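The same chain A turns up in both complexes below, where it pairs with chain B and then with chain C.
Take a look at the complex of A and B:
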């Protein structure tokens, strides 16, 4: 695989937006723009590691209060119940909705954790220029991209319930600060995965590219 | 511009370098700041942790049950666990930072649950929201971590304006914590707590009177139990006296000043009062300490109940507390021992004067010697009928005009008052006497004699019927005949009547001539001697007296 030539070796650079291929020499440093559509040209996403790490760390920092703070308040006939994500899952399970509990658990706990782990793995392994399971790592990246927004499920649930359940004293659902942090987590992880350039996976050590 | 040479690729446009990649690190820094601020905030907000012990954790939930003071949440239950000896539950509460002052000695905690009683419903909000822990702060500033939770909510919160008073009563009645206290039928306070006295001889209440009405309680105020319905039958008819309907059902306490002049100093906080059973008892003069006396009756005391009044000259000054039977083997009698409590101070001035007199004489002021003097003057106890319909008895201490001799030992304890048979007993005795005398009357022979007499009367009547009555009939017949004859004789056309008429005419005439004669003689008295003269020649009819001459036959 690595035997195949890279665009840089051939003196080429492609536009990410319109697909225009341009010739480029090593001397061309600095900011380049597509001659056709005017978009910025770059061989790899700029500062991918730094951005990805920064956003990932920020997301993780947000994930802690998102789990500690309650995300939703359910008030029913004056019986006020504040639930964190995990307590909500437990309550769903105990109250006889194991299916729902599993869904919420997957969307709110498994997926974010998976994203942290996957992105972390990708970042570290790519940085080290590892040759290990490059194809699988690419698939992992695609998976992360795919499932990223499903984590917003929890936020949507809270938002929907808050809007729908407004029966004053009888029944009331209110969002609590936890849901904001959780939303931030999801958004930040999505940005992080966007900042990551999957081509970095293929920039192995033996390649003299980077 | 790009496709002019199919063989060559276009060159990219050069732009100015923008290198702000470090800016992205602001994001995690911001996130860290936010996270740190949360931590710091939580740390700053965290108040003291306290542990409260309760009998039961009913209605409490970990991480949920709030602690409230004046309906403001000041903390939350964190953990509930059993005590080591499993006798109660320990509730760990995380107080807010602002509620630090609640972790001091004197703070009271209790669980607010819905309470439904006759006096009202409280804590309804907890029906739906679940129980919460109520808190009330004290005066102390000493920090304290462990508290003993109250099982019953305190009726008075700290710092409430008003005064609390202590009441002593014989029993609880139908009072409860929270029972209202009335002044002129307006609720001004409530019963805060009650407990048995240490010696078990009564119940001590604490009542709280809200400001500003607490100023109506003064040193001579009387408290009474206003529970129930007070029915009294007096000279002015049947009277039904109650406080409010709620008091009838749930009980209550009322207070009022006694009539007449009295001490008006407002009572001090925590002053002690007697709680009387009813208004009448409360308004009576103060009883003072009771004295136990004993009386020995040699008669049936049917109708004498424990609690019956003891009266001295009609003034109620005590009550019967025991009625027991004794046996005297010497006389084979069953005397009845009646024990009573008397309150000499109820006699008011009389008691005071007697005391003064006793002191003057140098006697000790003990009741026994005074009673001895009174007994020497004829004081005796009698069981009298208070109510003829029900036969209820009461004990009357009265001076009898001719008291039976009695011995009195002033040193005996308890005091023994000699007794005399009651008036009703006397009445009974007299009735028995009368009945005995009536028994002696020979009703049998009287009846027999009466029978004989009646038989004789019967014979007599028969005789009368058979003989006397026919004779009487004849007699009556004859009498009627006689009367008929008499009637005939006296009728208008009878000869007798005619004769009588004639005779009367004759008599008239005779009388007329006699009058002529007397007139003549009046004029000519000499005619008696000389006889009648010839009439003079009539000159003129001057005199009427001559007229009858001519008419004389």
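Take a look at the complex of A and C:
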């Protein structure tokens, strides 16, 4: 047994919701409820690989139209202009403030891409039981959890501008389908990272890093 | 290894002496924490538990402030736009309503849930729990509320909306006169309160409160 015992080795199980430590006895996985908060206890989240992959692929399928389709139409005095996520960033960079453009670029493009790459890497490496950079991979997972929802930024920007800019024929902002796809991408990637179980990173081959 | 698996139902105190890291499943002995201290997992670096520097009374006061600020943020207009003497302003409800009527119902529902329903639920539930936790008691419905609060987790996005408002102001400023309205300041204050609450480890309420004898 290694220096730091793991719950599964000791026949223990920790409640995700309230932190209660329970003994596993011989009950089947999934049939046990936390004595303190009543949540179902799982040694590992059920079907983590299948669910996470499914949600991640669905999110990626939504992400393609989210980037190709325009997210917002601005019309002023008959002059119609359709904006995609990327062209919105460029416009902000050229005309507005480059600092804010960088923030929007990170939230709308870097963060979703990072989530796809990070979750994909975590899924593949955990499935192989790899013991490569386990601590860093767990940190990567925490980063994904922490910054994931900031991608909603562009969706809120479109919503606010639509509500604000409505000067009859003179000026108008309309949401276009791209923004719906983008919103769905964010929600699906959030669900995907929730379905992944970081404990899987530490399963498999015995660690050699300590 | 002398760590014997405790039986949770009969030996509650032995189970209380252990912590299991939710990110790597490592079992730790629990050490008492001083105010403001954080226990981290030795294997993966996850936060195991935090001892908040704030008492239940302070937290309750902060929650009441948050409720007040939240009401202002929701009811007051956020930004006013001007063009040729015309003025248009928007509150959060205008935002949700326009998205609903403008064929983006998915976005309207997302905004309504993450900016209004969930944050409001969080504030009320926390307030209710803390009201009783002041005297070490468990509020009626404690179990259900604690589980719901845990599930709500990342689904409140007021802080993202503040940044979104900032970006919108800069974008609209290219074409219109823009005036920030009181709503945006209320949102900024709310963001500050959210940051404070992000550092509070709520799971400790399970240990700090006792079930009332019937």
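The working rule: the second predicted complex is superposed on the first by the 192 of 210 C-alpha atoms of A that agree within 3 Å, B and C clash if a C-alpha of one lies under 4 Å from a C-alpha of the other, contacts with A are read in each partner's own complex, and residues count from 1 in each chain.
As a convention for this text, a contact is a pair of C-beta atoms (placed from the backbone, for glycine too) under 8 Å apart; a residue touches a chain by one contact, two chains touch by 3 or more.
Predicted, not measured: the structure shown is a model, and the values here were computed from it.
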| After lining up the shared chain so the two structures overlap, which partner does A:199 touch, if you call chain B first and chain C second: first, second, both or neither? | second
Per residue count on chain A, the busier partner among chain B and chain C is C
Practice item. In the overlay, answer first, second, both or neither for which of chain B and chain C A:21 touches. Key: both
**Asked** Which holds for A:183: it touches chain B only (first), chain C only (second), both, or neither?
**Response** second
Check the residue A:62 against both partner chains and state whether it touches chain B (first), chain C (second), both, or neither.
first
**Study point:** First, second, both or neither for A:123, with chain B first and chain C second
**Key:** neither
>> Contact-wise, after the overlay, does A:114 reach chain B, chain C, both or neither (first, second, both, neither)?
In response: neither
Checklist entry - Touching A:104 in the superposition: chain B (first), chain C (second), both, neither? => result second
| Who does A:50 touch here: chain B (first), chain C (second), both, or neither? | first
Check: Does chain B (first) or chain C (second) touch A:147, or do both, or does neither?
Finding: neither
In chain A, both chain B and chain C touch residues 12-13, 20-23, 35-36, 38, 184
The answer for chain A against chain C in the complex is residues 1, 4-8, 10-14, 16-23, 35-39, 76, 88, 91-92, 95-97, 100, 103-104, 107, 134-135, 138-139, 141-142, 145, 148-150, 152-167, 170-171, 174-175, 179-180, 183-184, 187, 190, 198-199, 201-202, 210
Interface with chain B, chain A side, in the complex: residues 12-13, 20-24, 28, 30-36, 38, 40-41, 46-47, 50-51, 54-55, 57-59, 61-62, 64-65, 69, 77-82, 184, 188
Residue positions on chain B within touch of chain A in the complex are 1-2, 8-18, 21-22, 24-25, 27-28, 30-32, 34-35, 38, 64, 125, 128-130
Listed in rising order, the residues of chain C that touch chain A in the complex are 1, 3, 5-9, 15-16, 18-28, 42-46, 49, 78-79, 81, 83-84, 86, 88-90, 94-99, 102-104, 106-108, 110-111, 114, 143, 146-147, 150, 154-155, 157, 160-161, 163-168, 170-176, 203, 206
